[in-house]
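Each of the next two complexes has chain A plus one other chain: chain B in the first, chain C in the second.
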Partner chain A sequence: MKVNTLGLRSFSSSSIVKGKPGYSIVHPVHHTVKIDKKVLSPRFPELKYPKNDPRSPHFKPVNVAPDRLKEHYLNILKSDLMYMTYKHDEADKIEGAKKREWDGTSAYHLNRNLRRPSGFVKEQPDSHRVTNKNVPELKSIHINCFVPLAVTNPHHAISSMLQVQQITGEKPQPIYTKSDVGRWQIRRSRRAGAKIELKGKPMNDFLLTLTELVLPRIPEFQGLRNKSGDTYGNLHFGLTHKQVRLFPEISSNPDLWPRTYGLHITFNTTAERDTQARMLLSGLGLPFFGGERHS
Partner chain B sequence: MLRNSLRTTNSVCVRGFSTSSIARLAEPIENVKTKTPIDSISSSLFLSRVPIVTPTLGEFEKQYYKYQDELQRRLMWSFPYYYYFKKSSLAEAAFFKNQKWPISKEEGVFYPKGTPNIKHLRERSEKQVINVKEEEDENSKFKKESDVVKPIVPNSRITDADVKKDLKSLERKLDSTLYLIVQDKKSSEWKFPSFKYNAEERISALDEYATENIQNISQKDFNMFTVTNTPIHVVKYDSSNKVVNNASTNVASKEYIIKSHILAGDFVLNQKESQFKDYLWLSGEELPEYLSKDYYKQVEFLLADY
Partner chain C sequence: MLTNTIKLQSGLGLSLSQRIMPASASISSMMAGTISSQFTRGKRTKSKSTMSQGTQRVVGQLSVMSAARKQPLRLKLTNEDLVRHQVVHNAWAMLQKQKRQVREEKLTKQFEAMQSAMEDLKHGVEDGGVLFGFGSKFEKTKKRVSLELRVPTEYPPNQVWNHKYSKSD
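Now for the complex of A and B:
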């Protein structure tokens, strides 16, 4: 093999690009270009329309009714959140801890991986001052319904999909197990529950049923924990299989539901910190309780 | 992250949250010499009642949503009766009895509304109508459902206060934001309630001063939520107490506006013990009738869309 002395990348190796010894197989470029045959073929012209075009067979009307939660957010909450998160004389951007260079005192520093950020294991994202351009907003709600029972009995996978579909009114995706764990009776790539990402009107409708019908009926419910959150503005909480029965779609027809399954719910917001995400969600009608996590 | 943020803020010589020493150093010297007297500062309250019902739709919006809704119903999947009713059960029989089934296609028949196109007991060119309520038998010995269960009737969007045009009621104009304005005893001008600082009193923060004073001049108790302690706007006045709109005019007094919402209770002005003689709860559209032109120009951008 010819050694590349110019420092240019050869197709057989990526070592010079990464700046360290090693080997990698770079796939030829022509295999990575994906061809959308649907677009090239003249057979089904209506499939070429985008999904929001009424001529497309995938078309689904979205604006079927005014969205009261969205209007509440735009009219009242957004300006309040901006005023509440505003800090006088705050810098436009506060850089999070990033990986550091080695000082080069040792010969072994050459080609070594960068040093971990000071005080953290992982790199931290930058945080920005809240202005009218980046007021925290609810992006999506993820619902995850993992049912380990479904590995041994596939009927549970179907009824968990149905449960999530009934609650949200949208089509869920199946969850598959990832690993083999004999003790938990889990085997790889078996269907084990349902998941869904809600956005827009279905998301707001789900949040309204949750805050106005379901959570007030749970006697022991105090609120979301102030400690919940991934520190970057996404909050989580769970509902047990008994609490899921309080959704109107299930409680109105209890005979159909001999068994229900617990859910994990994640609120995915554009807020950069948990405190801001909590501010937003409490404005949208979710109560919080308990002490905060100090980090 | 906190450590990092402190480092950044200190480097540009602004105030850290734990100390006020840097703030003193950063203050320009001219400001210290010509310190504004406390009497010339007042704290004003932007008290609003948020909308209680959804906004009233216009004719075009109604038609748009109706069209989209009908379109969605036409494109919907057929109702899965086999999921809700067990096969050959009484409930299924009752359900089937209630339904009006589509007309099937027959040879040699002309259909004026189009040839039937049926899949899974459903006409595909139209929306599917499901009849849930059982037809009531007049001769039945049982009571009718409508006699037992009280029908749900939504309350009117137009309240008594709207009919009487009571501008002091919090129950008017349910679909729009209402703002509290008061009329001054001396000048008879309408403004958001504003309280001048008194040099002899203990000096408190802007938000505390405004909220305390508004509670003191009300006969009834109410709960309010002050959004932030940072003022959302400042209105400047010259020596003749006129609103300053341009930077060149000398400023004699300043009015800082604090934002808050009324949550519960009612505000009723105690005229004897306050500097105001009257009060009104007005929507954003009605405000320009009462506020002076200069003042409205200053506060217009604070108002919500509806």
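Now for the complex of A and C:
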């Protein structure tokens, strides 16, 4: 093999680097640059069209119907939320707790990892003042339908997927179990339910169905718990398998559904605090109850 | 016992009734106990009865979810139609952009007006900060949009607003 005396070396070999076999501090660049081969290839020209071109096989017509909830948000709710969240003389940015330097009293502090943020385990994100540029908005709704029963009987995995598809009108993804727990009869990498991330029109349609048809029909429903939330503006709640029956897609033909499955629903918003996310969702027709802790 | 011997003889694992009956016999006729020898082209001859009812339901559910049903028909546009589509598409995008700009401008004006009004209350009015205090009172929790605010519909109900609404209802 040719020894490179100039200090340069080819990326394909790392055997002769400063006399250390198998050691490389220069990371290879090949295979890290992604090449879209379908663009380079002269074959299959129809695959090169953008997705909004009707010649593309991925073309899906959008904006085919008015979006009530979107218009409601833009015309009424957005400016209201801007007023509601306004606080005069508020700092533009409040920095979240970050990792701290060691004070250097010990010689061992030199190469030690940074200290954890005070009062937290992880670093906290910065929060920004709400202006006209960043009024809280509903980004997406995640639906998670975990059916542990499906591990022993795979039919439940299919039925739960169809249930989520019927309710949302979009194609769900399967959920797989992650761990082996003998007591719960769970084994790793088995299909156990369905999940879906809704955005745009399907998301708004789902939310309208939920707030106008499903939730008013639940007699014991009080609202979303004021304590729910992950402190960064994402709220959660759940529906039991009986409450799922109230969706019009299922209640119109109950004989087809001898069994329904409960859902976990997450509202993913652009709000940086839970209080702001609750303000937003209350404007979209979701009630809240219980004591609130402010964050 | 008789079935068993016939199974062994035929070696096909068919039951007695399946061997005797012609292939065209329908399930309903089997259920009714009558045997029809009439051949109908394209008619399903295999009995589904081997599958349990639950399995049959799951098979039906799978066919509802299959990708074949989701694939929409591809549009075959002539060049003229394609150009027309692109013109409409671009015009729609332009219209949306204009609307968005108008909305953003309005929101910016609202925000600036709110800010300058609060500045006026703070520095312009000499009342010892009473009005500014009212304006900047900020509830930390339970600030909600009223539940009576509904998402507008194209076909509103006959009774548009319940004026006698009380929270206890």
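Please note the rule applied: the second predicted complex is superposed on the first by the 264 of 295 C-alpha atoms of A that agree within 3 Å, B and C clash if a C-alpha of one lies under 4 Å from a C-alpha of the other, contacts with A are read in each partner's own complex, and residues count from 1 in each chain.
By our rule, a contact is a pair of C-beta atoms (placed from the backbone, for glycine too) under 8 Å apart; a residue touches a chain by one contact, two chains touch by 3 or more.
These figures come from a predicted structure and were not determined experimentally.
Applying the stated contact rule after C-alpha superposition, one finds that A:N253 touches chain B and leaves chain C untouched. In the superposition on chain A, contact of A:H241 is made with neither chain B nor chain C. Within the superposed three-chain model, A:R68 lies in touch with chain B and with chain C [touch as defined at top].
Touch counts on chain A: comparing chain C and chain B, the chain ahead is C. Shared-chain residue A:Y86: touches chain B and chain C both.
Looking at the shared chain after the overlay, A:R55 reaches chain C, while chain B stays out of its contact range. Of the two partner chains placed by superposition, only chain C is touched by A:E292; chain B is not. In the superposed pair of complexes, A:G283 makes contact with chain C only, with no contact to chain B. Within the superposed three-chain model, A:I76 lies in touch with chain B and with chain C [touch as defined at top].
In the superposed pair of complexes, A:H128 makes contact with neither chain B nor chain C. Common to the chain B and chain C interfaces on chain A are residues 54, 59-60, 63, 68, 71, 74, 76, 79-80, 83-84, 86, 88-89. For chain A in complex with chain C, the residues that touch the partner chain are 52, 54-55, 57, 59-60, 63, 68-69, 71-72, 74, 76-84, 86-89, 131-132, 135, 155, 158-159, 161-162, 165, 171, 208, 211-212, 226, 275, 278-279, 282-285, 287-288, 292-294. Chain B meets chain A in the complex at residues 1, 3-5, 8-9, 12, 14-15, 50-51, 54-55, 57, 61, 64-65, 68-69, 71-72, 75, 83-84, 177, 227-228, 230, 232, 259, 304-306.
Those residues of chain A that touch chain B in the complex are listed here as 54, 59-66, 68, 71, 74-76, 79-80, 83-84, 86, 88-91, 94-97, 119, 124, 127, 253, 256, 295. Every residue of chain C that touches chain A in the complex is listed here, in rising order: 54-55, 57-58, 61-62, 64-65, 70, 72, 74-75, 77, 82, 85, 89, 92, 103-104, 106-108, 110-111, 114-115, 118, 122, 132, 135-136, 138, 140-145, 147, 149-153.
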